[in-house]
Structures are given as structure tokens and as C-alpha cells.
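Alright, structures below, take your time with them.
Each of the next two complexes has chain A plus one more chain, namely chain B in the first and chain C in the second.
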Partner chain A sequence: MNGKVLRSDRAGGIWKDALRRFCANRIAVISLAVFLLICLSCALAPWLTKYSYTAINVHNTLAKPSAEHWLGTDNLGRDILTRTLYGGRMTLRIAFASTVTALIIGSVIGLAAGYFGGRFDFLISPVMDIVASIPVILLALVFEAALGWGRGNFMYAIAIAAIPQFARLVHVCAASVMGSEYIQAARALGVGPFGIISRHIIHNVAPALIVRFTGALAESMLTCTVLGYLSIGINPPTPEWGNIIYHARNYIRLAPHLMIIPCAAISLTGISVSLAGDGLRDALDPRGELPAARGLTAGFLSLFKRRGAAN
Partner chain B sequence: MDKDSMSDILLDVRELDVSFDTHTGKLHAVNKISYAVREGEVMGLVGESGSGKTVSSYSILGLLKPPAVINGGRVLYKGRDILGLSNKEAAAIRGREISMIFQNPMSCFDPVFTIGSQMTETVLANDKTASKAEAAARSIDMLREVSIRNPGQLMRRYSYELSGGMLQRVMIAMALLCKPKLLIADEPTTALDVTIQAAIIQILKKLQKQHNMAMLYITHNFGIVAEICDRVSVMCGGYIVEQGSTDDIFYSSAHPYTQLLMKMVPRMDTPLSEPLPYIEGLPSDPTALGEGCVFCTRCPYSRDICREKKPPEVSLAPGHTASCWLRADNASAESGRPSV
Partner chain C sequence: MRLKVARYIIKRTLLFIPAILVILFILYTLIYFLPGSRMAMMPISRGGDALDSLFTSISAPDNFFTKFVRYIYNIIAHRDFGRSTPSSAGLMSDIAYRIKNTLLLLLTGVGATIIVGVPLGIYAALRKGRAADRVVSVITVFLSALPPYTVAIVLAIVICVRLSLLPVTHVASDPKAYILPTVTIALGGIASVARMARSSMLEVLEQPYITALRSKGLPERSVILKHALKNAMIPVISALGGLIAQLLCGTFVVENFFMVPGLGSFMLNSLSVRDHFEILGCAVILIIILMCMNLVSDILYGFVNPKIRLRYAEKPARRKRKEAAG
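Showing the complex of A and B:
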């Protein structure tokens, strides 16, 4: 009668359950592994390659892949592998920094709006709508023009553009948690505002926030490369995936690998983050089983999956 | 109320008035109600749905949120007005002095945390000096008091793994963790089936006696009132229409509403083919309360004066009052008018 008959005592809670579900999803695990590998190799670029990303060698330009230069060299004879790794280092650093900043600021705004509601809510929601309606490229131009070109000021634009989605998500989650009976019960038993926010709201919002973070990370990374390509972002000689592609476009016929390699790096990173994010969503929110509600990438991949006998 | 018992009054609600600002107008949920709960006493708050029982109890703990507005009145706890307290001051009273259990135990626990985590949280929120281990030990002791067999194991469970009856017991344990002087029980057995109800009421009764704790028991079930309450306040449309000891209410109820409510209790000996009895008419619209008695539209004995003026509160016996014109006449004329 003590319950041992019915269930094993593997009490681990929702996080352990989520981990189990995530690990059962092969695509998600592989994607996460690929993404972590990319991050790690970019972070360790100075130790992984023997070349400098600015080392020019005019005697060996546009070289094909070889034992000396695994992925060949570019128009100035610089090692492409080195530049791609350093470029990823820059792109991912900007993506992480801006997304984490947006996550923190957006969460604080959303928590405040959700917890206090009322007037604060009325004030915040339209402001978030306005911010969300500003095109990020325009915002980046404004920041670069106002604060000086080529000093990475466009990062503020990426961060600001990502704030509303976090603020809205946390706002909605917090408001729904605040309206629940367990918050009322906790308050009735003497748990103060700090306990309500730091425990109940944050823990209930966290799963959705983690999923949204992966999506925002992929978006920030793409924005960063787009800005780099448009020469608003990081300027050469510092490599960044976007500006590498921009400068490779002149050699697309002569040496297509100059462009293909950083493009592949961007795609691989973007797809692996998105797939890992989809896996996280499935693991953290078992209710959202509808295929239509799943991510773009998963939907895209499902086109290639073998259909059942009925089709 | 007896003069000599005034000293041991724990909770004194005076002329409490709560309304909701809705788009259809002001909704008067609680209209200048007054009642008192003495130390160690169980006060029943009885009435049909929407009569303002829950709203009045929420306002005691300051749990009401906009659009609810407290228009006036005072809630004296140990002589101190606790209505206008700040969130922080109110948090100091909640749990430690006044605690509450709710109607639906299933939704009163955060599904993200274990039962144990939420119980220790409650201890730590109210007792800053307690260590985590002490808090856990106190929680386990308390779970034992509500007859839970395997408290250590239960502490690691999540709310969704437990049944409603279990959860309500845990809720009671959680509410009593910090030895409150007053427990507000808001229909704690409504969501449970009948056999579990009996068990929960036994536990509440036992713990109430053991800890000499006062209780405000909100219900619409007269069976429970008879079982557990010392005194009863009957609410109708946001007014308290009758107040008295449980015996007063059961054996010499004075207000037609109370009498009708009692008649509406389903009985074992009525044939199943007969429809359940009900009070004719609809509860009066709380956005448009008239001048007269709140029950006049449904009262079988209503007269002109009932529709025109609010009935006065008439004392019928020590501690027994009713607000009804029938009784007002009786009281003033002291004549043997037909008893209803």
C-alpha cells in the first residue's frame, strides 16, 4: 500500500523526465552534439590552427584543399579553415552575447509586467510592440551611425530586437502562473513576493524560456551574418561568417569553396540549433505534440521522412 | 454577543464591504458584514454560491486583487486592523497567524516542485531561523499528524502523482506547519468524494482541538456545519442574514432564508424519483441590489416593507441575531406572531 507496487521510486521530477525524453530523440541529440562541437572548435580556434587569420601568403592564393591547408586558401592566401573558425568565434560570440542580454532584459521586463500587471502592463506591452516593429537592419545602422562604425555597436541592435519576444513570452507565462491557484495558496501560507517570483514563476517559465532561447540564438546568428555581409557588422580583416562570404563572392566561379565553406558552417550551425531547440521543446513541453506546432526545420525534415502505408 | 466573551475575540470583522468594478457596473459581493471568531472556536460561514463567503474570507488575508475593491470596514485580528497592510506586513501574518486551505487541492500545488519542497518553502518563508533540515523534519511530523502513512516518501512526490484526498491532507498539513491561531477553510471538502470528505473533516476536527485553533469554515453543506461548527453565520447575496450558535441555527432558525436552506438539504428518505428541492427564483443581481431585503424577491413571506427598507438586525437570544422584518415586528411588539 505504500505505492511501491505501482511505480518504481525513480523520483526525479520534470527536469529528469525532460532529459529522458530529450535523450530518446536521436535527431535532437545529434544536433545538440554538432552544435556543441561547432561552438567548441570555434572557441578553441587559437589552439586548433597553426595559422593566423591575418597571415597573408601571396604565393599561395585560392589554393585547393591540401594537407598544408585543409580547406584551401583564399584570395590573399589566408587559411580558410582558420578564418572560418575565427569567423564562427566572432559570429557565435555576438549571437550569444546579444541573445543572453536580450534574455535577461526581456525576462526582467516580462516578469515585472506579469507580476505587477495593471498599469505597468499597459505601459510595457505597447512599447514592446513598437520595438518589435523596428527592422533590425535599420536599428543596426542607427547604432553604428550614432556610436561609431565598426566597433560592434550593431550588437545592441541585435539584442534590442530580440528583447520583445522574451518579454512577451515571460509576461504571458508569468501572468498565467500568477493567476493560478497554487500562487494564491502559496501567498495565503505566507510566501512573500520574492519567493513567488524567484521560485514559482521562474521555474514555471524556464522551460519555455530555454526553448525560445535556442530559437533567438539562431536568429541572432543569422542577423549577425546578414549585417556582416552588408558591411554594417564586423569589418575585415577580422573574419566573421558574413563578411567572409561577402568578400568571397567575387571568386565564386574561380574558387567556389571560398563561399561554400562559411555558408555551410552557417547552415550547419543554424539547423543544428533549431533541431536541438525542437527537441528541447518536445522534451520540456510534452503537451505540444501537434506536428503543425513544431519548428520549421522539423517540418521540413518530415517531408523527407517515409510516410505511412496510407500515403 | 456576550459582553464577557469580548476579550477572547481573535478575529473581528466589522462592516466589511467589498465590491468588484466590472464593465456592467459595480458588483456588490460583500455588504457591510460583521462577525467575530473567538479563540479556539469554529465559525461556519454558510450560504449558496455567490453569496460572498469566499470573497469575505479572501479579504481577511488580503488575497483579493483588482477589480476587487474594499470599500470599507475593518478586520481586526487580535485587535489590530489587518485590512490595509502592505504586502510584506501581510505576508508576516499569513501562514504564521492566519492560514488558509482551499476548495480544490489539485490546483493548489505548483506542479514544478515536490510536495516536500513546497512544505519546506512554507516553513522557511515563515521562520527565517529554521534550517532546511529542520523544516523538512517539521513537515514530516506534520504529515504524520494528518495520518499520512509514508511521509518521507510523500515528500519526494509531485502533486500530480497524488489523489485529491491525499492532497487536501497535505494542504492541511502545510497550512498548519507554522501553528496558526486561525485557519480559514474555504470549502475544503467540496472537490472530494463523500467518504474522503468524512476523513478530512475528522482530521480537521482533531487538529483544531489539539492545537486549540480557531477556524472559519466556509461551506454550503449543513451536514458539515452540524459536525464541526460551534457558531454559524448565514450569508445571502453578500449580507449576513442570520448569526447564532449551531443549535440556534438548527433548532430555532429565524430567517426564512436559513429555514429554506435547511429544507433544501437532500434527505435519504425522499424517493429518488422526486426532483431535488430548490429555493424558487434566482439570487438577486449583485450589480443592482435594491433598497429592500436582499432575499425579498424569493422570500415566501415578503411584504411591502421587505422591498422598501433593509431589515434591522434583531437579537433573538444571546448570540443569536437575524435580519428580517418578520422578526423585527416580533421583537418590537413582543407578540406571538405566526412563526415561519
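Showing the complex of A and C:
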């Protein structure tokens, strides 16, 4: 009982410190707020706009922004604000779903490889290398061909392509924690693998994982819109930021706002996620110690360092 | 020394073959088991070769595994990646010139990324915390958040339409037509390469051996260019394979936008007519090419980083020591 209170105190302390540091970083707080605002307005799209994203109006096409249509209308007279919000809903949903799936599967693989090591490690690392070397676009094409086209099956491809970075990160962190004395002490006290993983390893891996998650989220959002642009992704009339831009590009000289608005939405989301991620990294890792805080490369580097030390 | 390098290269190459087989198996399985696939219905055989007669002689059933083995055999023995449905010729002859275009774009894109990204990152690292560093970091954040097609559209409008400096669509004979596609592909990669180069350069500059060199009185120029640069490049080279895979996405977008007859536009077309043979064949060809590039970058990595080489040469060295002791 007593031990539990102490532990939660300490854990709260670390996270509280990080929160304080994060709040002191003005750019990071603003970008996190912008990102949350975008997510919220996309999620609440049905309540925010009175139009349907498929309602066409041939008498009012390519209209300039007005009181009726805040951001104008597209080539079929559909409200651009509505389509952008619903498009963001689709894009962000795919990005979140695929990144969270990759996070969970990658963490399990990485934890298993880091904790059990040995033969499992030997099997997992090359498999992750192989998966990482398959371009996401080829994987998406094959998934779309195999499971049906235009129904969002490319999501699996995005998730699979993102698994190796999480697996490597968790693997590196877990392996470095496993080498420390307090894990030996815990083992000597008879704590089982699940106890060690849930009490010690997850606490050490979580900060790096959160930072990597923001980076992967931005990447999978961009991939989703690129696939939408190439018409591999979601089929129209369902809006998705990528396919909105693809269909708007024919009207670029007549009505540039058709394309600028979804482009701005994508860029704003991407920039706010990466700036918030940078802020999180600085807050969670003030001394720059996390192996993966600086992306995949540092993960590689620390893997290599650990092996060098063992030799 | 030379023996070690040779051993490293051989081991790397031997690891590369099962990797390709595993990927082929995964892709083949995915395509094979899709509902309504023609793959399961059509026999893959060329007729009259050794493997074919072997299969008929042992009267193997025409199931998934025998088909997979034949597919692999046809690729290895005849460079036959299956055939596309509309044309009677093999897939390879259909796409030979398309592969050239795609690879040319991809390689110029990767080259431009490295030529611009690495110096940018190193410059930022040397000016750490100053205005130049901040400018570079702002540029990289913006570049990494911009989707490649946006960049392509803006560049095409400004440079091709308003200023009419370069052709908008692809002209095979005109080298100027490659400028905009290359820039578009490279812009996405420059951000990640610059960031990577910056962080690894900063890491190297903190090492004690750099302090030692500086205190010895070496000019800063040679400390950076001769001693720090080589070690700072190790992570960049190790991430080269990932970079190529990442830029392939941009290459497909560029092919689509600038109307380059490449593999990307071909695959998108075959997806829309549901030609699974073509998709599988193109994916297999591209993956083999990309894995070969990965192999080259891995070997390069071994040349730059002696520790990797040593690790691969460890066991034989131990054996020699034992022999000497015995």
C-alpha cells in the first residue's frame, strides 16, 4: 500500500515536471492548441456546418467566399468549408487509426525483443529491417489491389509501414533498461516479466514513444493525403484532403482557393503536430538523453553504441 | 583488411536473398488470395521447360505453393514477371522504358536531396543556436509538412506558366524537363536529411576526440571536413535505404503530375483496370531494384564504419587465434 503511494508520487513528479516545461514553451503550447482545434472541428463537422458534403448546387459553382458559404463553393457548388472539415475527419481518422495500430503492434514486438532478447531479437530485427525497406506506396497499391479499391484498405499499408520505427525504438529503450541494476534487483526479488515490463520498462519507454508518435502521426497523415491525391485512397464523393486537392487542381487558375484551403489545412496540421512534438521532446527529455528523441537515426546510433559497448 | 571487406560484402549479399524471397512471398500471398483474383485461376507456366516437366512428372497439384515456386523460377530463369492481360508480350518488355524513367527520377531526386540536405544540416549544426540554425529549422519544419503535390503545383504555375522558363510536361529528349520533377522529389527529402545531418554532426562535435584535435591546434576547417564529417555521415548513409523508399512516394506523385511515362503511372493505371498480374510484377521489380540499392548503401555503410565490418569478421578472427594457439 505504502509502496504504491510512493511510486505514483514519483511518476506524477516526472510527468508534472514535463508538463511544467511544456507549458513554458509558448510555440509548443500554441501548436498543440491549433492541432487540437483542428481535430475538434473536424470531429464536430456534422454540428458545425449546415451543408452536406455531397449536396451539389449547379447554380452556384466556384463561388468566392461569402456569408452563406464562408470559404466559397467548388466546381459542383458544394460548400468548401464543409468538405474540408469532413475531409479532415477522414484523413485524421485514418492517420490516428493507422498510427495507433502501429504503436501497439510495434511496442509489443519491441518489448518482446528487448525483454527476451537472444533468439527472438535475432529473428525480429531482420524482419523489421525487411518491412522498413518496403516503400509504403507499393504496399498500399498491393493492399488496394488485394482487398478492394477505394474502401480505405491502404490504411493497413500505412500501419504496417509504421510498425518498424516503433518496434526499433521500444526495442532499443527496453534493451538499455534491461541492462540496469534495478532490473536485476527486481528480478532477484522475484518480479515476473509482466511486472518488470509494466512497472519499469513502460515508464522508461513512454516519453520516447510519445515523441515518436507525433512524428509518425504527421507522416501517416501526409502519406494518406498523397495516396488520396494519386486516387489510391478514398474514392470521391467522400471527401479526403488528398482527393479534394486532386479534383481542385483542374480549377487552379479559375478558383485557386479550391486548392489552397485543403493544402493550408494539411500544412497547418503537419506543422502544428511537428512543432508540438518538438516541444514534447524538449519537455520530456530536457538533457537530450532519449535514444529516439531525434528520430530514427539516433535509434540506429544507440543500437550500434550498445553493441559496441558489449564488444 | 581486403579479406574482411570481401567477407562483409558476401555476408550482406547472402542476407539479402532471403529478405527478397520473404517480401515476394508476402506480396504473392496477398494478391493470390484476394477475392476474384485471376491469379488462382490462371496457370503460370511457359510450357516445355525443365521445371514444368518436373511438375508434370511428379503430377504435383496446381496449388498455391507450386505456383509460387514456378513464379520465382520464371523470374530467376527467364526474367519473366508474368504477363499483363491486354498485351501478349511479357510484362518486362512492356515496362522496360518506364523503369528507366522512374529510376532516373528517383536517383536524381536522391542525389539532389543529399547534395542540398547534408550541407544544410552541417551548416545549421556549426551555427547551433544562432539565427542561421533557426532559419534552417523553420525551413525544414515547413518542408516536411508540405505535401509533394502542393510543391509541384506551385512550382509549375510560377515557373512554367507565369515565367515560362521550363516545360510543364515531360519531354524525354529535353534535359530541362527533369529540373522541376527533381526539385519536387528532393524537397520532401531535404528536410529529413538536413535534420539528420544536423543532429549527428552535433553529436560528433561533442566527442572528446574533436576537443583533442582542436586543442592540438588543428584549423577548424580541417577538424570539421576531415575528421568530424566522416563520422557524422554514418547515420545519414545508414538511413539512405529508408530515404529511397520515402522518395518513391514523391516520384509517383511527380510522374502523375508532370506526365512522365514511368512505373508509377503504369501501376496506377493497372490498379484502375484491376490487373493484378501487372501490379504484382511491377511491385516485385521495383522492390528488387530498391533492395539492390539498399544493399549498395549497406555495403557503403560498412566501408565508412569500420566497427560494422569488424563485427562481421569477428568469428573467423577468433578461429585464427585458436589455430595460432594450437
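FYI, the second predicted complex is superposed on the first by the 276 of 311 C-alpha atoms of A that agree within 3 Å, B and C clash if a C-alpha of one lies under 4 Å from a C-alpha of the other, contacts with A are read in each partner's own complex, and residues count from 1 in each chain.
The rule is simple: contacts are C-beta pairs under 8 Å (C-beta built on N, C-alpha and C of every residue); 3 or more make two chains touch, one makes a residue touch a chain.
Computed from a predicted model, the values in this text were never measured in an experiment.
K.L.:
Pick one for A:A132: touches chain B only (first), chain C only (second), both, or neither.
P.N.:
Only chain C is touched by A:A132; chain B is not.
K.L.:
Pick one for A:L230: touches chain B only (first), chain C only (second), both, or neither.
P.N.:
Only chain C is touched by A:L230; chain B is not.
K.L.:
Answer with first, second, both or neither: which of chain B and chain C does A:G118 touch in the superposed model?
P.N.:
After superposition on chain A, A:G118 lies in contact with chain B alone.
K.L.:
A:I14 in the overlay: touching chain B, chain C, both, or neither? Say first, second, both or neither.
P.N.:
Touch partner of A:I14: chain B, not chain C.
K.L.:
Looking only at chain A, is it chain B or chain C that touches more of its residues?
P.N.:
C
K.L.:
Taking the superposition on A as described, I'd like to know which of chain B and chain C A:I104 touches: first, second, both or neither.
P.N.:
neither
K.L.:
For A:L44, using the defined touch cut-off, is the partner it touches chain B, chain C, both, or neither? Pick first, second, both or neither.
P.N.:
In the superposition, A:L44 touches no partner, neither chain B nor chain C.
K.L.:
What is the shared patch of chain A, the residues that chain B and chain C both contact?
P.N.:
Dual-contact residues (chain A): none.
K.L.:
How about chain C: which of its residues touch chain A in the complex?
P.N.:
So the residues of chain C in touch with chain A come to 15, 19, 22-23, 27, 30-31, 33-35, 37, 141-142, 144-150, 153, 157, 192, 195-196, 199-200, 203, 234-236, 238-239, 241-242, 245-246, 248-249, 252-253, 256, 264, 267-268, 271-272, 274, 276, 279-280, 283, 286-287, 290-291, 294, 307-308, 311.
K.L.:
Can you list the residues on chain A that touch chain C in the complex?
P.N.:
126-127, 129-130, 132-138, 141-149, 218, 222-223, 225-226, 229-232, 242, 245-246, 249, 252-253, 259, 263, 266-267, 269-271, 274-275, 294-298, 300-301, 304, 307-308, 311
K.L.:
With touch defined as at the start, can you tell me which chain A residues reach chain B in the complex?
P.N.:
1-3, 7, 9, 11, 13-14, 118, 180-182, 184-193, 195, 199-200, 203-204
K.L.:
What residues of chain B sit close enough to touch chain A in their complex?
P.N.:
Residues 61, 63, 66, 87-88, 91-96, 99-100, 102, 104, 107-114, 118, 121-122, 125-126, 149-150, 153, 156-158, 161, 171, 174-175, 177-178, 184.
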